[in-house]
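Here come two complexes built around chain A, the first alongside chain B, the second alongside chain C.
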Partner chain A sequence: MKKKYIIRKLLTAIPTFLIATIILFSLLHIAPSGPVEIMVRSSGKTMDPGMIEELRSQYGLDKPLHQQYFRWLSNFFTGDLGYSYVTNQRLNSILPEKILLTLELVLVANVFSVAFAVVLGVIAAVRKNSFLDNFLSSFALFTYSMPLFWVGLLALYVFSLKLGLTPVGGVTSLGKDFTGFAAIADNLYHLILPASVLSLAYLAYYFRLIRSSMLDVLNKEYVVAARAKGVKELAVIFKHALRNALLPLITLFAVSLGFVLAGSVVIETIFGWPGLGRFLVTAAFNRDYTALLSLNAIIVIMVLFANLVADIACAYVDPRIKY
Partner chain B sequence: MGKNKAAVVGGSVLVILIIAAILAPIIAPYSPREMSYGNELLPPGSEGYLLGTTSLAQDVLSYVVYGLRISLYVGFGTLLLEVALALTVGGLSGYFGGVIDELLMRFTEIVMTIPPIILLITGVSMFGTRSLEIIILFMALVNWPWMARVVRAEIMSRKQEPFIEEGRSMGFSELYLLVRYIFPTVLSPVIVLGTLDVAWFILYEATLSFLGLGDPTSTSLGILVSMGRDVLTSGWWVSFIPAFLIFLLVISLNLLGDGLRDALDVRENV
Partner chain C sequence: MKNNKVMEVKNLKKYFPQNEGLFSWDQRFIKAVDEVSCYVNQGEILGVVGESGCGKTTLGRTVLLLTPPTSGTIYFQGEKLDPNNKKQLKNLRIKTSLIFQDPYLALHPIMTTRNLVAEPVRYHSIIADREERERRVEELVINVGLTPGHLEKYSHELSGGEKQRVAIARALSTDPIFVVADEPVAALDASIQAGILNLIKEMKEELGFSCLLISHDLSIVRYLCTRVLVMYAGKIVELAEKELLFESPTHPYTKALLSSIPTPTPKQSGERLILQGSPPSLLNPPSGCRLNPRCPLSEDLCKTEEPELTETDTDHLVACHFPDRPWPE
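Showing the complex of A and B:
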């Protein structure tokens, strides 16, 4: 039964992917000037209209839009992500490394923020309206309202520029050839500040979610009943309440992927972390068509995958879900 | 601090900021981007430059009060467009149900699979001249689905209430019932969600401008923060003052939104 449920979820993801990429494709083509014009302009040279036409046909840009879309789509699924008009590189050769770098940053930040958010969220909900809850909630609201680029700049200013504790950016120390364990240590040394800033932002966001979900559950009758029959308070909180409070959050974590990526766009730019986010900004700045389309398509797939994992996880954890 | 008190504080700060933005021409001693050579990077408190100057010798105070105007314009402008879109889609979907609902909600879900900031960056970047209006348009286009879903749910639950049935049997027209009885109940969640969304829009626009993808001709606070990024050690105030104002705008809107949620008794929608 579960297999059927998973297959059905997988099948609904296909039209979603197609329509989402068609929306993106159309979006990229409503622009007043095409990629060739942009290429010409960014090279700073002038080109006569005949040459431009020639280039257009060379890239297949003179074909009708639906043909261009299908060409992109079939290439995408055969593993050819296309060609960046601006950096003159195949996306296949540059994207995988960027994806890994973003995953490294985002996963490390998420692990820390989720762990702290669960502990603090539970404490705040259990001790609702206590001094500690008010303090934590105000702190979360504060952090949540601070523009992330500001937090990033503050951290850079204090820890890198004033105290000199952390590097000002990048992934590894330039000009030093570390190998083995030293290379990993060097990478972590560069990771620590951007990942900490990012987890602070995520922490505020997750804390608010967990606290309110936990508050919901603590008012439920089964929690009251568990207390009434004399279950120890800690058992009530962890066995009866928390497990149920985390259920809606599984889906929410998948939905939060957009928030997670948004944070990484800003942090990667400030700390010179050459991942997906920074590449997206560069591609957008240069109006790098194919790069933008393929990048967005990859992100859509990541979101759909996260949703699928969340659906499956919910189905396993919650016996009430029908297949 | 109780939620109501917090909301009052938030609301008051917001009102002060709005008044400052309206009075910008009176408050600002200079025109926002006027450069006075020789006065580069003066610290806050310098004579004639209360909040200091930038590396281009622009008065920070003059810049930020005009910057507030941009933030508020973008925030509330996007809100209007978002509400219009959300009421249309959510209203049609919730009121008619059936196939229309099915189609519109599928479409809404698909738009939601592309993370807003990614879609926003991609969409906005396609325009060579990015005006504030284009940014407003795209922010509304990427954000309406969440509000539309709330509107739909509210209308669906309302249209089945007995007093609507009664109105029908008394011969009131559908349009009258819709405008007089159904839409007002949608208002509360829209106000709460809208207030919190304005905070997001202000953050989004500042972020776009900070990344160099905003309207380069505007006096956006995000642009000033990004200018200050290059002089972080020699002129912290260039980036910190505009960033602090964005923070004030956002936190006051968040406080107000949270307070309104309690006051209007809208259920928490995480």
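Showing the complex of A and C:
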């Protein structure tokens, strides 16, 4: 029964994927000027129209649009992500590392923010309207309303430039060849500031969610029922209430993955973290069609996959969900 | 005699602060339970009747200290309860239970019947041995009219009646000596109400607990209770033995309430006595007798002075200035 459920969910993901990539593809071609024009313009030289045509046919850009799309699609599914016009590299050789770097940043930031948000959200809900609750809620609203790039720049200025506690950017220290444990430590040292800034942004978001969902659950009759049978307050909070309050978080986690990756674009740009986000921005400025398409398709797959995992997780945790 | 009282409250008050004004001097209170004194004897079922919103649920929950009283004292088995005494509270939680109006809301959605019924037993280490505990859970589930097949079911997989049976099994799992049943069948289909009421009656006879049965349905109270307490706007208006109350109701509110019960034989049924208007707001109830704006017997005294709950007959308490006056034609 569960297998069927998973297969059904997988099947519904296929049209979503196709529609998303067709929209992406169309948007790219609607946007003014293409990769060749931008290459020519940025080189500063003039090029005769014949040369431009030749380049276009070399990249396959003169073919009808649907042919271009299907060629990309079939390549994508045979594991060939295509060729980046701008960096002149095969995407298969450059993307995996960027994906890993972004996942590292995003996962670390999320783990931190969820852990803190659960603890603080539960405390705020249990001590509703107390000084602590008001303080946490205002603080969450405050960080929530600050633009991410501004917080990033501020953190960079204070912790890296003024205090010198953290590196200014990058993934590893240049010119030092660490190996083994030292290399990991060096990487974490570079990760800490961008991950903290990013997690601060999610923290407010998750905190508000957990607080309101806890408040909702704590008023339920079954919580009163547990108290009436003498279950200790801590067990009531963690066993009876939190378990239910966390259900919306699982779904939210998956749905907001796109939003989370968008946040990482800003952070990666500010902190010189050579992940997906930064590459995406460069590719967009240069109309790097294939790179944009393949990269976004990968992001679409990640979001779809996260949703699938969330659906399955919810179905395991919550018996009310029918398969 | 005092040892006979399982539960007793004296001058119990429960006011809910109403956060209407921005400033504390604007603070107003919903007087949900106001100066209530009553007791429940060993083995009896005391019925609490009254219109919706008169404070019945609040009374039931305050008596069990699920919400701290604003003032007043509560005695359980002759011992005065202190809301800060952890040991006493633990004992209270084991020896008392609450059956909720809506079993759908009262059962945790992601716990199976087995876990729901076993939790209090396990939690208070009443039965330490695992296997013995399992046996006890199965026995409880069978006693309330379910089958072992229900043990692995979640509450959303049960019907309304089955849910309430699970809730009852859970409530009785710690062998309570006092149970508050808050409109235990009000949320259920009429066709299954009788089954649940009979179950409560049977379990009470078998296990010998005492009960505070809250209901707005007088026929239920008449069927199950030994004594009846009538509430109006947060106060007791009449308290008497069941027969006494049903045969010679004294308070005008009780009279009106009783006249609204449909009787099986038309000859028996008297004229329907109707009170004008609707129950007052508990934020600022009328001065004097709370019924005075609606009462056909009302006089100036009723507007200024609050009637005390006094004994008009043996075991018959009434809060009315003119208990002997007949209803005007």
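To be clear about the criterion, the second predicted complex is superposed on the first by the 323 of 323 C-alpha atoms of A that agree within 3 Å, B and C clash if a C-alpha of one lies under 4 Å from a C-alpha of the other, contacts with A are read in each partner's own complex, and residues count from 1 in each chain.
Throughout what follows, a contact is a pair of C-beta atoms (placed from the backbone, for glycine too) under 8 Å apart; a residue touches a chain by one contact, two chains touch by 3 or more.
Everything numeric here is computed off the predicted structure, so don't read it as measured data.
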item: Partner chain in contact with A:Phe178 - chain B first, chain C second, else both or neither; value: neither
item: Chain B versus chain C as contact partner of A:Phe70, first or second or both or neither; value: neither
item: Chain B versus chain C as contact partner of A:Phe305, first or second or both or neither; value: neither
item: Touched chain A residues, chain B compared with chain C; value: B
item: First (chain B), second (chain C), both or neither touched by A:Val317; value: second
item: Partner chain in contact with A:Phe238 - chain B first, chain C second, else both or neither; value: neither
item: Partner chain in contact with A:Phe135 - chain B first, chain C second, else both or neither; value: neither
item: Contacts of A:Val224 with chain B and chain C, given as first, second, both or neither; value: second
item: Footprint of chain A on chain B - complex, ascending; value: 1, 107, 109-111, 113-119, 121-128, 199, 203, 206-207, 210-213, 222, 225, 228-229, 232-233, 236, 239-240, 243-244, 246-247, 250-251, 254-255, 258, 268, 270
item: Chain A residues within the chain C interface of the complex; value: 220-222, 224-231, 235, 240, 243-244, 317-320
item: Residues of chain C that touch chain A when the two form their complex; value: 61, 64, 66, 89-90, 92-94, 96-98, 100, 102, 105-110, 119-120, 123-124, 154, 156, 167, 170-171, 174
item: Chain B-facing residues of chain A, complex; value: 16, 19-20, 23-24, 27-28, 30-33, 134, 138, 141-142, 144-150, 153-154, 156-157, 161-162, 208-209, 212-213, 216, 248, 252, 257-259, 261-262, 265-266, 269-270, 280-281, 283-285, 287, 292, 296, 299-300, 303-304, 307
